[in-house]
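Look at the two complexes coming up: subunit A is in both, with subunit B in one and subunit C in the other.
Then we have the complex of A and B:
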């Protein structure tokens, strides 16, 4: 393809090709601090392309393709090319990666132990992970990722997938107030997922992206309402996480064994919180009291 | 050299993976993925010296394919349990059959839907038994439903509501309206029992069906994989039975599929280096279009010759039904867009 780049996030080497220069330029600036290995063959391919040749210039719209394709996915305008690239990368991992059990969950780590947060879009799992990763006087929480947490089926360790964090709507201002503007991507306003702005993880989080962490606490956050903590049984955590995994079924027995071990060995809680500060406080409290 | 040719050479055993530069792997892996053959390649190169990250990716693929195969065979067992009480016997087709019979092409082969063949006289009862056992219709469109029942060689696809897996129940191997009518009764009555107890087509019929599926029915989507199936199965059948090619010829003629089977043999010679016996080892000028179609992929896995792809799509429909019916069918489908 005319424009191309390579990006390594966690264990996945991506090859991204595009009919336009803009999405590739945006990716290269967002991922400039990530390790680059031009000679490493790609694990996953993403293509951003125009469905018809003239649509490169005339009302340019970006279709997302690659190794795996979602048949009826709608294209995005070129101004949202960066979002298209991010969606393409997520899609290839969600449908193609088999080395680890994938959890649609954010994670942060401290002292080699991982806090994993799973929830639907809008639960605040990305924001909580970003805020923990940015804590003042910080350096003690390492952001592992805001989209996927990878579980090694053999050993049970969690591995990071620290792509640029996708901040949405109100979370943008909240995080932007705490970080250097140079670590933020361009504002993508009015996307199908609302306003989006990417946060580049701290250099330490990127440098440590291959380091495993032992799952120590599973949280299922829900944004809104009174602050509350609800212990969760193994069975419910199991069911929720199978629903949050894109490759649990494809992994067969290995997936079942990994999931069973994860929920048996890791304390789990549902939490509700009215605002981010309360959410972060709740998480810190549970980490101190209940994490294994 | 183009990635798709490198990929074919690696499968054929002509290419040396050690001489590939890292960027070449991108193209080879991209093509292999778009042909749904990455795990097949991973098996073919299981003992080769590979860059470490490629070796790791290939190991993932082999493991994933082994799980997928076990799941596909479980699905066959589920169909057996649904149909056996009604006294309906079936023959496994394609991927699940290759896996059940432990054939070389099954190593790493992706298996999509479960394809089974029953006697035409059993098809209504088979449908009822499957519906009772938890399968349900995928297509709700009345025209599509009618089209399948009136003209196709299979029931409209069914999906299991709990396991989310599709089953295609065939009563023959080509559409009813196709110019060629294979002997479906012979396919079922001459089926053999595989090592794990499932019925599969006898060796020559399996090769005939593979060629028919690729060249007489389909538009060569997934052609490299179908051709790899054909190549490895005919190679192994011939190694086990020196009279195989002669039997295949006779059987293909009986089903009216001699041209398709001979073309599949020539293409497997041209691409994968198959050794063909006398009487098979010929040239046909039209093969060039098939080779071009099979090689029409760039190193991003995209089809490079859309007009050729379109031509093969039209050809597949042309073979499937008479012109007036084709016109009516396309008109109906177009109005529904």
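Then we have the complex of A and C:
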């Protein structure tokens, strides 16, 4: 393809090709601080392409392709090319990765132990992880990822996938107030997912992205309502995490073994919280009292 | 009604992991995960390797569990066996 780049996020080496320069330039700017190894073979391929040659210029619309495709996925306007690239990268990992059990979950780590937060879109798992990763003073949390957490099927350790954090809507202002503007990508307004702005993780988080962390606490956050904590049994955590895993079925018995081990060895709680400050406080409290 | 005989999955076909109130069962033949609650794991264990009908199963379970207060458990066991059969964990012998 005309424009191409390579990006390594955690263990995944992406090869990204595009019919347009803009999405590749935006990616290279967001991922400038990530390690580069052009010689390493690619694990996943993302293609951003025009459906017809003239659509490169005339009302350019970006189709997402690669090793795996979602049939009938609507293209995005070129102004949202960065979002298209991010969606393409997520899709290739979600559908193609087999080396680890993939959880649709955010994670942060402290002292080699991981806090894993799983929840649907809007649960605040990304925002909580971003805020913990940016915490002033007590800033010893390492952001492992806002979207995927990888579990080693053999050893049970969690591995990071610290892509640029996808901040949405209200979370944008909340995080932007705390970080250097140079760590924020362009504002993508009015996308199908609302307003989006990317946050480049702290350099320490990127430098440590290959370091494993032992799962120590599983949280299932839900935004809204009074602050509350509900202990969760192993069975319910198992059900929720299999639903949150994009490759549990594909991994077969290795996935089953990894999942049973994870829910047995890691205390789990559902939490509800009315705002981010209360959410961060709940998480810190549970980490101090219940993390293994 | 005839008391049909059933046979549980052969040893080694299932991986059974109790997870609190639920039991997760991985079927190596179908690669499927089943989540069940009591008395399914107890039924599978009591069936062992042999073919057995509802009457024999009720007798085996009665030897391990206090079923006296339950009344006639055979209709319930027949229903559970039909469900285990639908999941592929038990088959008609």
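Rule of thumb we're sticking to: the second predicted complex is superposed on the first by the 290 of 292 C-alpha atoms of A that agree within 3 Å, B and C clash if a C-alpha of one lies under 4 Å from a C-alpha of the other, contacts with A are read in each partner's own complex, and residues count from 1 in each chain.
One rule holds in what follows: a contact is a pair of C-beta atoms (placed from the backbone, for glycine too) under 8 Å apart; a residue touches a chain by one contact, two chains touch by 3 or more.
The model shown is predicted, which means the values in this text are computed figures rather than measured ones.
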Partner chain in contact with A:74 - subunit B first, subunit C second, else both or neither: neither
First, second, both or neither for A:177, with subunit B first and subunit C second: neither
Which of subunit B and subunit C A:264 touches, first, second, both or neither: second
Partner touching more residues of subunit A, whether subunit B or subunit C: B
Touching partner for A:98 - first (subunit B), second (subunit C), both, neither: first
Which superposed partner A:13 touches (first subunit B, second subunit C, both, neither): first
Which of subunit B and subunit C A:252 touches, first, second, both or neither: both
Touching partner for A:41 - first (subunit B), second (subunit C), both, neither: first
Which of subunit B and subunit C A:238 touches, first, second, both or neither: second
Residues of subunit A at both interfaces, subunit B in one complex, subunit C in the other: 252-253
Subunit B partner contacts - residues on subunit A that touch it in the complex: 1, 13, 15, 17, 39-43, 45, 47, 67, 96-99, 250-254
Subunit C residues touching subunit A - in the complex, by the definition given at the top: 15, 17, 19-22, 24, 26, 28, 31, 33, 35
Partner subunit A, residues of subunit B touching it in the complex: 22-23, 25-26, 29-30, 33-34, 51, 53-54, 56-57, 60-61, 63-64, 67-68, 70-71, 300-302
Subunit A to subunit C touching residues, read off their complex: 233-236, 238-239, 242, 249, 252-253, 256-257, 260, 263-264
